[in-house]
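Chains here go by letter, A, B, C and D, matching the order in which they are written, and residues are numbered from 1 within each.
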């Protein structure tokens, strides 16, 4: 696809996702880690204005002098501390002004993309589009957090299928001991954390074709899994006790039955559907209770072409760390991934909230081990 | 004024205050103590539905079964903890639905007020109107907090005069030692915390006609007032250091000049205008630095008829405690005032944000000593 | 008694109180508000060295150059923050060195007290002795906190009678409406917060001869007092829930029976003995449950000569605030009381831990409303 | 060496380390992560009583029924929360009783070790001895924390050489790409986290012969290293700002010169000595500033036989995670290592505080990335 076409497709998808929103829904930041839709719309646009248009489109004038300040998530200055958790309080500029901002920048980008551009610039634009796709996913998961904590459980879209799927295949896949090639060769677009392709030695292992289902996880819950300290990591046990966790996020027990909040409203838990919204701590405890374990990200990637994946992010037992030869780029783009390489665990795969075509087998998603708000599930290994 | 007329006047004023708001402005709760406009609009309405219409208007059906739960600030159940700080995340019901709720309840109240009603019911409605006036004031101060923490300093209303006034009179008023009658006799509407009229013995004192101005307070700042521990209460000194406080709320030093955020936007500080947005700690420290003190609430009330007041809430040196013979009413209304009688200091007077006619000389406002977000100023005594 | 004799008597009593301690007991600071015995021994000595000997005894050389820094509780510098909660970690100087410090300062004081001294100096020494008596009481209550949180419940002294007494008298004392003289006239030693004698108007009230007993309080507990929110102040209710409070401090339910830790070890709760170790919140909730109230400090003082008091500190319903004409002294001594006049409630009386002769009817003790670790009980009024 | 002899040697070394202590030094727990010497002495003894003597020595009666409860660090019950940070407040049993406990258990162990014992029991005793050696090291580092936060900087032992050494060798060691054997084969004693020996593929790398010195680190400090956000991990930058970190632990700038606290007292910083007491965040930032990186634990182990190591624990860029085939033992011993495998980074090597012979090239030490209180330094790789 031509880059201009791709640009418009990605940008358009973001706005399509927002169609079911009311103006009020664009505003709140329910917790510091979940940003308002308004902010996602503006920040992904800011990337194109700040990183691309200002430097590359002759005659471009910025949309508004405050927007660079308001919608930059990067800058490491004293100011940042003040505003990191305050994105939900910035009521103005309002929603319609943010859409005007998007249209303005899209006009600039369309003009730029009608010209001949360098390979380097093309790469930066591809980064911007992948960045916007990441924010599409966050827009959905953050919105789910807001609506899912509203005691009236509002529906985002009845017809938008974000319910859990069931597994298409079962059993164990056995992989042989040996050297495997891991990581991206950089031939097409990838994030810096996927580079470089390198060799990893794996011992023989088996990995499950199916993801853990709600019904299987309910067995763990009913067997007292949340009160058996021997299944949990020490910090997982503290997390569970301090936060009074006793089930996946969005689950509610009403009159003895389990329900969960979905973007189509509150539904009865489907035991055959794939489990979601568990933390790494829960994933690890479940695996431990089964006498099994989570795969490493290397095992996952080595087996990935023989697995059915893409319905849920899958916690791996790998910490998010640099690959051999990892280099951060100079300037602001260099803050994209490298500085987060501590205290986070890698997830592989993709979820129903991931933009189509955004993920790939070398893709490394990462979150702190206590986060439940992503569509995160469990694949077992042994 | 007939009660129905008064009802409509008060209810109408709330909506008039919201005229300059954009839909987005109705949503955020920037800090747990400041509620969203949407919530103020709905909660003051909930009072009339829950306390009055459901019990007194035959055939009344509630507007929506969830609203009782969503807009009740009172109930002391386990649920409360979950939602106290979450008022800014409840995006639905939306703004227009809240206005429908108001109109629906107003129709019910209009019907009820067209009938003969008991004295007791009339009192409860008066309480509801005074309650709504209190939320009118909070609506303004909470909105100021949201807009005042937006780095773009949006204007609420250029023509809405909420700027600081200057003092009309000066010098000291000397009051004689003796017995004074303090408190309300209950003949007209008052809050339970103003009851009963009782005797207080006061020693001779003098109280200032004028409130402290910005210019006078700047002298304290420039004399190093915020770094002189000997002026401060021990907990005030901790508060100042932990929160890095060095000026009244909403003040900003830009290129060596002092500005403050007002509801008409960012303005240069006017040295002759009355100081506002200081905490009790700051009020006490300023008085101590001057070798003077704050008046007690009894001194204030005894002198009030000879003073010009109503432009700023005035911190007193009295803790918020019950008067002799204080009784709480049975039921939810009994939770109105009494349960807050600890760790708070009394403010007397009224401010530009107070509804006209709402306050009186026996009125007892109260806040924790560290709060700055009300229109709170300083009157000195000796 | 001659001042030298009194000096030696007070100083000696501090050491007598420490006789049953093991070296290890002198060290810990179990919570920031409870200091180690070692610190109490040294800090009360520091007062005499720093405030008196250095300025008034010719030729006096300080015991150790670090002690002024280590055992000063006053200084408001950046350093203070570092060490406020670290008193339990300063293992050196050790216990014997602290006793040498005491002996050294006592020799200096004995020398000074053998000379003619000014009235002003005499007053300062009296302040030092009263200060030491306050630390004697804290030494006992802080030690009780340490031993009482040791799961083996060690005995301080079997023969040291710190068990609760029973009430000697019962019924209500009726007091007439009128003007009462409150406060100290300054003729003998008193703290600055007791000054000046002034007039207070009291309405007629009744006050109980007896303090609330353990048995009476158990009725409140068994009636669900700790889960009835309508009895509690709002912040009391939060305190109770956040800290999972369901009984007075040091109480333990073992196999269905109530025990409490005393300095003579763990004992079964005596229902006839006077209740102790309740917070203001608990005192207020109990009174509210009984349909009664706590007396103000003025009512207490006005009635005190007709009451039997001295077995327990008694929470009053008065906030700790300055009396008319209150002045703080210049310099460090001025930080003694005034700067704590916020967010604390007054207690009147004395306890079994109070040094004999230390308290008087005008004495104002004060603590934050959530503190339970003092010997604090309840006297009702109506 | 015969096991009995080894037992006595290890046990004796613990007590030798305590020779310079005063009774008071045995008591404090300055921060939750640093335990009192008294606790280390008792807890390491408890291991032998609870895990070995009670089950294996016929006729053994426990020393004291409370000690199992007081000195168990393992149990995951509700009780644990109460006492985890309270080890410094348990003044009784006192120091001499703890030494009696040690002597009593040593008599039991001597008796047991004079008999024929099974291989399994021998392994458990070896685990107990290695456990005690770990506590010897913690005893030293925790004591250093207590004394190092005493403003008088007490000397532990002038002659006990815990000062930093200098580097014996310099330059880069180049290692070839290929498969390396990593981990322990279990032939002799090792911890479960070192198992099993397995293959790891390493790409070519270079590793420094020398550790970073104080002088080299000072260059980083003087170049503004602590204020250059681009050198730091995002969470490292937050840690630094929230805790106002600007130098390694125990460093003090006095009149323009750098000093550090050592167990021989406060000394001027020696620029040629090996740097110590830096966190992983600091180690990573320093490496980033140099344009280099930290080695992984696999690189370290592969190169270890060609390196001079043992003077400082060395932060690696590996997260603490299980090796292929890792299994936890059943029962309490299974809680030894596995449950801590999250959010911690591996350190390799040994330090001057490590018991002689305790570490080995496969040894995996681990701490959270913000901890500075171990003797932790930096070896660079590229």
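By definition in this document, contacts are C-beta pairs under 8 Å (C-beta built on N, C-alpha and C of every residue); 3 or more make two chains touch, one makes a residue touch a chain.
Chain labels with UniProt names: A, B, C, D = Ergothioneine biosynthesis protein EgtB.
Keep in mind that this is a model prediction, so the values were computed, not measured.
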Homomeric contact chain A-chain D: same or different residue positions, threshold half: same
CA centroid of chain A to CA centroid of chain B, Å: 43
Distance between the centres, which are taken as Cα means, of chain D and chain B, whole angstrom: 56
Where chain A and chain D are represented by their mean Cα positions, the distance between them in whole Å: 37
Residues within chain B bordering two or more other chains: none
Pairs of chains found to touch, sorted by chain label: A-B, A-D, B-C, C-D
Touching residues on chain D, where the partner in the complex is chain C: 22-28, 30, 38, 66, 69-70, 83, 86, 88-95, 146-147, 149-152, 154
Complex contact set, residues of chain D against chain A: 76, 81, 179, 198-201, 203, 205, 229-230, 232-237, 241, 280-281, 284, 293, 317-319, 321-322, 324-325, 334-335, 339-343, 369
